[in-house]
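What follows is a single structure, and I will ask about it in a moment.
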Amino acid sequence: MMEFIFGTFNYGIYVVLILIGFYGMMAKNNLMKKLIGMNIFQWSIILFYISIGSKKGGTVPVVDPSLHPAIRAVDYINPLPHVLMLTAIVVGVATTGIALALLILIYRTYGTLEEDEILEVLKK
Amino acid sequence: MTHSPLPLIAVLFPLLGAVLVLATGARRANLRELCTMLASAGQFAAVLSMLPRVIRGQTLTCTMLPLGPGLALELRVDPFGMIFALLSSFLWIVVSVYSIGYMRSLQEHAQTRFYFCFAMALAGASGVALSGNLITLYMFYEILTVATFPLVAHKETPEAIRAARKYLVYLLGGAVVVLFAIAATYCLTGSLDFVAGGFVGGSGSADLLRVIFAAFIIGFGTKAAIMPLHEWLPSAMVAPTPVSALLHAVAVVKAGVFCCLRVILYVYGPGTLADLALWTTLAGVVSCTVIVANLFALTQDNLKRRLAFSTINNLAVIILGASLLTHESVRGALLHLPFHGFMKITLFMCAGSIFVVAKKELVSELDGIGRRMPVTMAAFTVGAAGLVGIPPVCGFLSKWYLCLGALEAGEILFLSVFLASALLDAAYFFPIVFSAFFKPEQENPGAGVKEAPVAVAAPLAVTALLCLSLFMYPDGMFRFYTLGDLAVKSLFGGR
Amino acid sequence: MTVHFSVLIVVVPLLSSFLVFAFGLFQRRVCFPATVAALAACLVFSAGSFRTVLTTGRPVHYHLGGWAPPWGIEYVVDYLNGLVLTAIAIVSLLAAIYARTLVAREIPAAKHPPFYALFLLQVTGLFGMTVTGDMFNLYVLLEIASFSAYALIGMGEGAAPFAAFRYMIFGTLGACSYLLGVGYLYISTGSLNMADLRQILVPIYFSQALMVGLAFLLLGIAVKMAFFPVHLWLPDSYTLAPSCVSVLLAPLFTKVGAYVMIRVLFTVFDPSFSITLLPVTTVIGWVAVAGILFSSIMALAQGDLKRMLCYLIVTEGGYIGVGIGAGNRPGLTGSIFHLLNDMFMMGLLFMAVGAIQAHFRTRTISGLTGLHRSMPVTAAALVVGGLSVIGVPPLCGFFSKWYLILGAIEARQWFFAGALLLGSLLNAVLFFRIFERCYFEAPHDPAHRKREAGVKADRMAMGELIPMALMAVLVILLGLFSGYIVQHAIAHAIPPGV
Amino acid sequence: MTKDLDNVVIKTVSRILVPFMQVFSLYVFAHGHGSPGGGFQGGCIMAASFILLGVAFNLREIGKRFRERNNALMCVLGVFIYTGTGCLAFLSSGNFLDYGTLSDLLPIDSIKARYYGMALIELGVQITVMAVMLSIFVDLVTAGRGEDAPEDTE
């Protein structure tokens, strides 16, 4: 049982983070808090991907001749998730950029970022 | 099975007419009317040119669009389709002359839309007549429904729009059920082409075939106004008379009956229906329709609604004749289809001319109208007599074969249904004729003869004379008798 | 040069979107012609690559950067996405030409260059999602398409930014769950290439990680496809978006999502798995049935024309879902062909609604009286589009519905067939309510006189009429040549094993 | 003014820090192959140096060094370099981004060609990321009004 907990605690953490982010997105009234929730959601998936690539005893995936003349895969952790997550980070930044721009626009038209107040204005 | 473009030309003429009508538009009314007339004459000529070859036994086919394995938009002219094509194309000429007179005398609005939709409806009707498989039939069936929707709502009054909406829901609902049935048939048999004597036999489990047959009859029955699904027909009487003439005699309801007969004879065929014992239930439902429609007709005071219920009765008689599955009854049904068309269109045109001249719609107001409008009421009497089945008019012939068929099938019950239908016809037609000629007029008695304008009176006179001549020479101009004979021979395998 | 067509389809719009943005800084008038030129080039590329697929009969494989598939990203053009590519190219080109006068009217002049840049970026994302053969690359292009969609919708005035923000929350949720799905797939197999995945996945179909991965994948795709339970973002965002934007987004975005669902269910996972081993497609079918009924009724309840069309998009997604649910050859033919038809039908309808909103200054169905007199071409376009959506034969909508019903009956799913038929009946009531309002207005109806004397819809620019007329002709031609398209293209497009 | 006084510390430190940041960003960009780094990280650091300038002094400083229009052009330039190198491979009948095949055009072997190709791609990425990060910062701070923002924004 113990090694199950230690073996997969990274998945546990990412699930908790996802739920926090999901809660932030869905339940919060303020649009900025929704955005923060969205960011937590995205970054927890990036954590999930990075934790996939890790190996016991593997080092950073940068070729280091001192380890072994030939490049042995076991020495290094799996670099592919890291590369994928570079793109996901860029996607996260771009989403936040657009979201902030939209929030500015919303604030300029409605003067508030509280969703229920905006919905009131919309109903009229 | 010879390939020839003639069926396609026959279907394209009305489309061409519709486009020309749209092009000429309201400004050049006379040119527009000319286009309608030319299109109708052209279509009739094309259909007539196919007649000799069909008589000699050739079936002309023309594949328009291949759609996949065992599936194509294909036209095929066989004797049965020829009867309906001849009927609809000839009556289109008559009705277009009539509607020109009618619309002009009442200065109706939006006439361009009227003639455009009229031509499209005829394209649909002739397409239904000449289609070679179920999917082409379904295509033209839908075009017919969509094209006649603006006609029913022509007056644009809230009442007309409500009637059109009811018309549409009934017919599109029926079309949806038919689509299910066609898809199921294609699933079972892999092909949809009509085969004289049916192609569905034994291709699926018995009760699945029964369900599909029920779907077919419900779907096409809505358009053939079988009793529980007939609501839209009386309420569609709010449309101008040429439209109700088109609805009843020329295209819409006739297409419904035609499709029902196609399914009974060319999809299921006599053999399969007998095995599945479906024909008894069908005959039962349809004979209830006959009786109940007649009883309703007795109670209607509006002339056009009374004629509507008489149409429901006669359509049910045609389907009953076909569902008896005997030599003579099928021949009677195939003959009653065109004969009823001629008679019913005469009656409708009379109703229209009475409305044009005397602005009268109710039967109770028709006292002494015969003296003021002798030609119209004479034609009305001929039509009414034909429907009742009195010898000098062609109606007698088809009723004769129907009764013969019932006797051949040994079904005394359905024989009595035919006779009762004739009796009830008499019960609600002859009071009109009697009051028109023998009762004194209520308002200005003694006013001189005030007949309808020529464009209105001539067509109904022509069709009345045709009803009489068809009795003397049933095989005359249209050779309905030989076509019916050929169809029956192909159906029952020359027995 | 033709061998590079499948990558140029993505590179050219990407590059031209940035070039349009750069030229726009100096000379605003150059943006529109450059966009149309880029989209025309994409049409040439997509048609060319599809033609090579048709003539050679084998899919075209393109290894990006020369790396062989399991390592490098591979672009694949086969029968399925060749069709979708060409349809996207045609619809986006017509949408760009059509949107010109609307852009001048709805978007402030300073924002024209960014609008056209985002327009091209959106088309890049759509092309990329269709042509890529790599699961993660599909996520990246999905995000590119989604960003430009959020930004384009945010350009509208009034409540558009708010709708765009809510759409973003929903869309990011969907995209991240797709990413999670790809992550689980990667854990189980170690590869991201679709063709490679298909072989590796076969022995491990019932591992739990894979089940969770498939669930997340399908959830993400369902959000992007506006599939029934997760379609809530669509009505608000597409209605409040400026009509020059909704003319591009409405027909294409959800349909590419549907294409991705078909790609994942039938090419990445073996059809035998998604149909028989695990009843994924049946579940999708049943959800789609609920979706059709729900959104048809919602569409009936709408007064606003554009919002009604948005619910119609969800219904069409439901039809595609039912086709997938049937899980047999005719069902899948029906859903692929419906996917294709729907792009053109929805494009036509949204063009008509955009013109009505711009020139007739009304969007409510009750305000359409007398439309046929002042805007005959738009009324005719509405009729053609409506009849096609209902499924009146010679038009394309009927043939795709025909195959769907065939599939449902062959799979003995009577409720699927029932939902399809009821759906087309509800659509019929929906559209004839509009035709009534457009064509028949009682002569003594007061609104009629006001409409006649008062606002006279100003002349529609030729730039708007021609694309609409072209789209209507395409809808008719698609119907007439449906047999040809089904036999030669879609029959091969169905993955083996269905 | 007291506000101005404690600003001196930030201003002097940032004035010293900015040049080193930019050199370090070029270092990170150049050593992208062997060590962690590359275009994206280099671009971020370069943009951070400008943003530090803007935060420490005021937005005028960024505006003086980097017109907004130039910033937009830098974005486009970066993407153009990236796609341009990719398309270079077409000349030597390689696939997109297959700059290894440039060796038969240029007098270098394919490994060197791949090395320089990678460097060009990283340069494109660096320029674009720097420009985009900067424009996001400037647009957000001035709430979309860009350069003609009123003086009060510090």
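The chains carry the letters A, B, C and D, assigned in the order they are written, with residues numbered from 1 in each.
The working rule: a residue touches a chain if its C-beta (ideal position, glycine included) is under 8 Å from a C-beta of that chain, and two chains touch if they have at least 3 such contacts.
Just so it is clear, the model here is predicted, and its values are computed rather than measured.
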Notebook entry, point to check: Which chain would you call central, comparing Cα centres to the global Cα centre?
Noted result: C
Note to self: Looking at chain pairs A-D and A-C, which one is connected by more C-beta pairs in contact?
What the structure shows: A-C
Margin query: What's the distance between the Cα centroids of chain A and chain D, rounded to whole Å?
Written below: 24
Note to self: Taking the mean of the CA coordinates per chain, how far is chain B from chain D in Å?
What the structure shows: 80
Margin query: As a quick test, compute the distance in whole Å between the mean CA positions of chain A and chain C.
Written below: 29
Margin query: Quick check: how many Å separate the C-alpha centres of chain B and chain C?
Written below: 44
Notebook entry, point to check: Which parts of chain B, given as residue numbers and ranges, touch two or more other chains?
Noted result: none
Notebook entry, point to check: Residues of chain A that touch two or more other chains: which are they?
Noted result: 101, 105
Notebook entry, point to check: Could you say which residues in chain C touch two or more other chains, in rising order?
Noted result: none
Check: Which word fits the touch map of the chains here: line, ring, star, complete or other?
Finding: other
Margin query: Judged by the touch rule stated earlier, which pairs of chains are there in contact?
Written below: A-C, A-D, B-C, C-D
Next item on the list: Please give the residue numbers of chain B that touch chain C in the complex, ascending.
Entry: 65-68, 71-72, 109, 113, 135, 138-139, 142-143, 146, 149-150, 153, 156-158, 161, 164-165, 168-169, 172-173, 176-177, 179-180, 183-184, 186-187
Notebook entry, point to check: Where on chain C is chain D touching in the complex?
Noted result: 1, 4, 7, 11, 14-15, 18-19, 21-22, 25, 62-66
Check: Which of the residues in chain D come into contact with chain C in the complex?
Finding: 69, 72-73, 75-76, 79-80, 83, 86-87, 89-90, 94-98, 100-101
Next item on the list: Could you pull out which chain C residues touch chain B in their complex?
Entry: 387, 390-394, 398-399, 401-402, 405-406, 409-410, 417, 421-422, 424-425, 428-429, 432, 436, 439-443, 480-484, 486-487
Checklist line | Interface residues, chain A side, partner chain D - complex | finding: 60, 62-63, 86, 90, 93, 97, 100-101, 104-105, 108
